[in-house]
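Pasting a structure below so you can have a look.
Chain lettering (A, B, C, D and E) follows the sequence in which the chains are written, and residue indices restart at 1 in each chain.
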Amino acid sequence: MDWHTCSFYVLSVMILGSALMVVSLRNIVHCALFLAFTFMGVAGVFALLHAEFLAAVQVLIYVGAITVLILFAVMLTQKTIGISLKQTNRLAPLAVLSAVTFLCMIAVIALNTTFPTSGQHTVAVSTQTIGSAILGNGSYVVPFEVASILLLAAMVGAIVIARGQDN
Amino acid sequence: MTLTGIAEFIASFFGLPGSSSVWIVAVLAAAILLGFMLLTVLILIYVLRKLLGKIQARLGPTRTGPKGIFQTAADALKLLIKEDTIPVKADRRVFIVAPILVFVPAYLVYVVVPFGEGNHFIAKDLNIGLLYIVAVSSINVIGVVLAGWASENKYSLLGGMRSAAQLISYEVPQALAVLGPVMLAESLSMQDIVKAQGEGLFSWFIFRSLPLLGFIVFLVASMAEINHVPFDLPEGESELVAGFNVEYSGMRFAFFMLAEFAASFTICAIAATLFLGGWHSPIRGFLDNGWWTVFWFFLKSSALVCLLMWIRATYPRVRVDQLMEFGWKLMIPLALFNVLVVGLYVALGKGG
Amino acid sequence: MIAVHHYIFLSAALFAVGIYGVIARRNAVGVLMSIELMLNAVNINLLAFARYVTPTTLTGQVFAVFVITVAAAEVAVGLALVINVYRNMDHINVDDINLMKW
Amino acid sequence: MGPQHPSTHGVLRVILKLDGEWIVEAHPDIGYLHRSFEKMGELRTYTNGLPLTDRWDYLCAMTNNLVYSMAVEQLLEVEVPERAQYLRVIVCELNRIASHLVFIGTYGLDLGAQTPFLYCFRDRERILHIFEEICGARLTYSYIYPGGVSGDALPGWLEKVDAFLDYLPPMMREIDQLLTGNEIFILRTRNIGLISPEQAIDWSLSGPMLRASNVNFDLRKESPYQVYDRLDFSVAVAEQGDCLARYHVRVAEIGESIKMVKQCLAQIPDGPTRAKLPKTIKPPAGEVYARVDTPRGELGVYMISDGTDKPYRQKIRGPAFVNLSILSELLPGWKIADAVSILGSIDVVMGEVDR
Amino acid sequence: MSEEEKLENTETSDKPLKPAGKASPGKALAEVTPPDPRLLALAELLQSTFGDAALESVVDRGMVTLVISPGTLLDTCQQLKTDPALSFDYLACLTSIDRQDHLEVAYNLRSLTHKHEFCLKVRLPRDTPEIPTVTSIWKGANWHEREAYDLMGIHFQGHPDLRRILLPDEWEGHPLRKYYVYEPDDVPSEQGPPEHLLIQLEGVE
């Protein structure tokens, strides 16, 4: 019961708990708040997996930007929060069924397959190594550029759509 | 006598399993940092009021204790005693969580601030130090927006949205400005950055590459980040009365004040570390080891704190659209230009 | 000791919650949030495999970075759509947004 | 912006109709400080009606006394002795400096700069001290009586005024550097709340509001009263007609006032300080419109006497009352933050707006 | 009614152009100041342009006063403003006076170009104090007229926004009227003062 396993369980309880909150609460702003907690939990798990860079990026982008974006969107669509109407539609039981079947399926597969886990210790992951992995020679430079173009397209698209026709 | 020693002693004392000393070290470090932060905030508020008094040709607090030194303690006590009202219509839970969300990031940043040489003067020298700071400082945006929204009143919602927009639009130049020193030191970890500025005064990053540009961009962006005077739109008294913390009182309001002042000290500490050579002394090698490093660090960051206070006394407030325009049209291009210049400087330095 | 399958359970559970949210949620912003949850689950899986199966190479982490960027882009566009829908139909109730042209 | 709003300089309520950040309509709602001086004036004799005048424009009570006394003197057609006229001009110009200092301080405070406020009030304190020595009061002086002044300058008082005049210019430079050179201050005030010369004349604005819109009209120059015709001073005029121009006009006026008081100190003759007037003043029936240039503009008293010892009608033309009326046409189209800056630049004193 | 007569004759003596500074009882001290030539010239100019409409013109103690009938107010003011020789473009002050048997409105006009000024007066019957508004000519008159309406009860036809400016909207009566003595317990109603107040102000009909 060293600190690694116990912190893993704490984090996973936190993640799953707040994730359930996100999908079940009536008041959408509370869901957004729990969404932020879920993201922080996930960032904790990343740190556990020795991916500090990813943890920091996760916090920066998800918690710092995406949650705020969602909060802004929630506030702009203000009227719907007032009356906390029934949040789940008639597909709810079907949704629960599909989620549970998916979960069992994955569990069964995970238990039976033995993953070729290699014993070596992970290479010291520092920002340099990730930087060279992304942009170094013979690595993922092209996808990186594609990703940046995608981001640009998304930004322009979002602005055009959200601005609407008034001006 | 390092922290780990104390942790083992406590672990054995309470008969806990040996491996849990890691937890105890973490808890101890956290406690020390919290104590340190509260102390600095107390001193900071006191110095601010005295300095403002000096600049404005008046005395500043003199009543409480000799030369008014207990003034901030009295303020804190007053805030503690004052009754915590929560507006009836307000959304109770969010109303309580919001100040915590604003306070915690200001406190978390201390983990990475290098107070002195060697790793017993720094809580945890993460190798993604700087990215961690930028990431953590982006959390308080949520706190601000929720605080504005939870108090269910028109003014605070407008104040909350306005300050969230301000925080987001100044996060970008701040992150870009931080890139300068990172490139020069080729590492994100704070200790490496400080080590790279070892050779005396002119090796500091403030002078390397385009002098002062990165430093000014970072300082102005950070001032906007902590709602410092020229950009203190949310508390624009004359327009929206007291912005998003209008409904808060007592202890919760203290959280906001605490977060603001703690953040203003951290900003100065980081600026000192990134641009003014952290705990290095100006003359190479002179008094550059052990406890002296801590002295240099505090000298530089308190000098910057006084600079901030001086600016607080002299500048009026900027209008909200000018603020946005200033942020997007001036700060971000300037920050990008700074990254370009430093990049060239490093490339030429390495190549040449 | 925590092995790979623990992480897989965790991400599968998170993914399942995401599925439930996407299907059952009435509010469009709620649906977007659940999609975020699913993407995070994917990230956890990626990193778990990167940590256990191929600790020497960093492909897993690089992929995670790309997933995050895509997720950010997707949320931005999604919310822009939601705001536009709200502007025209004064509500963002996913069940009623069913006609192609309004 | 309700009556208790921190930046409306007293009890003024402006009903703003907003479209997001922009102001669509503005209706100033005044009357919260209405004490009906005009009615009270009719029930009091000429002499004990004077202390009322201090409460009109409480930042510049000397000019209120002056205009009331001039009205009565015009009715009586009595000549005020030289020394009294010089003392009156000295005291009024000092009061103008004090009022402008209050303006600069509060205007800085409106826009967020705390320091100029304290500097200005520290210097204003010295003026109030000088006033206290000559007439016993800091704010409600009742110093200028119909027929002259209540008390002659005590020995050493003129030297004190002279010492103050040497002390002030360097302080003014200090305040000037703090605000005028400050680019954020300029950012908040340049071409905001623009008033064209035609607009200014049409809305019959007066004082710095008029002169900042490039209209060179100053009562002290056009129809000089007391001894203003013997003093040479230039009228501070600015072209743009925005908040910054109004600020510059007022700062320049302080300089002019210092010059004027210096000349008065040089030229002041000896002699009596009060004309011989009957115990109870009973001016012959008739109507008179006396007017004076105060820091806020043209303060006029339309006084009608019917031969009795009480004025029959006493209409007070408050400069800020008229300057404020343009607000409903000036504010629309600007933002809330600008509304604060524009309102500050009008330098409103609710006392003489509501009367 | 003695005080009333004395007031009457000094005011409306019908000599068209009275030399200023008429020695009247009670002014033994100061000698008669010779009228300022400029004022006489201005009075001459006004008399010539508005000869017919002008009921009378008085130059007294440094102020030229021209009284005209309410009907001709609008076009007189229009001419005053536009006529290059006069160009009275600045309305300094608008005063409403309760002369007990009639109401008066005095316009102090000033020309910034020619640097001269004078007072234009109009007399209104007491029961129907109606007068056209001059805000179309000088916008500055807006608040002055609202105050006159609020405190004196003079109704300005065509005023863009004629409502009370200083007093709360539900206030009854017009305080500046001569008979108006406001005792907290007996607020006078519109048709006139309560009986017991009548004796003090014997001048009231």
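One rule holds in what follows: a contact is a pair of C-beta atoms (placed from the backbone, for glycine too) under 8 Å apart; a residue touches a chain by one contact, two chains touch by 3 or more.
Model, not experiment: these values are computed from the prediction.
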item	value
Intersection of contact partners for chain C and chain E	none
Graph distance between chain C and chain D, where chains that touch are linked	3
Shared interface partners, meaning chains that touch chain A and chain C	none
Chain located farthest away, centre of chain B as origin (C-alpha)	E
Greatest separation from chain A - chain, by CA centre	E
D-E or A-B, whichever has more C-beta pairs in contact	D-E
Between chain A and chain D, centroid-to-centroid distance (C-alpha), Å	65
Separation of chain A from chain E, taking each centre as the mean of its C-alpha atoms, in whole Å	79
Whole-Å separation of chain centres (CA-atom averages), chain B against chain C	33
Centroid spacing, where centroids are CA-atom means, of chain B and chain E in whole angstrom	68
Contacts with 2+ other chains: residues of chain A	53, 57, 65, 72
Where chain D touches two or more other chains at once, by residue number	none
Arrangement of touching chains [line / ring / star / complete / other]	line
Chains grouped in pairs wherever the two touch, ordered by label	A-B, A-C, B-D, D-E
For the chain B and chain A complex, residues of the former touching the latter	19-20, 22-23, 91, 93-94, 97, 126-128, 131-132, 134-136, 138-139, 141-142, 145-146, 149, 157, 161, 164, 168, 171, 186-188
Residue ranges of chain E in contact with chain D within the complex	3, 6-7, 10-11, 21, 24-27, 29-30, 33, 60-63, 65, 89-93, 95-98, 106, 108, 112, 115, 119, 138-144, 151, 164-168, 175-176, 180
Residue numbers on chain B that touch chain D, as the complex places them	52, 55-58, 229-230, 232, 236-239, 241, 313-322
Chain A residues touching chain B - in the complex, by the definition given at the top	2-3, 27, 29-30, 33, 36, 52-53, 56-57, 59-60, 63-65, 67-68, 71-72, 75, 126-128
Residues of chain C that touch chain A when the two form their complex	1-10, 12-27, 29-30, 32-34, 36-37, 40, 43-44, 47-59, 61-62, 64-66, 68-77, 79-84, 86-87, 90-95
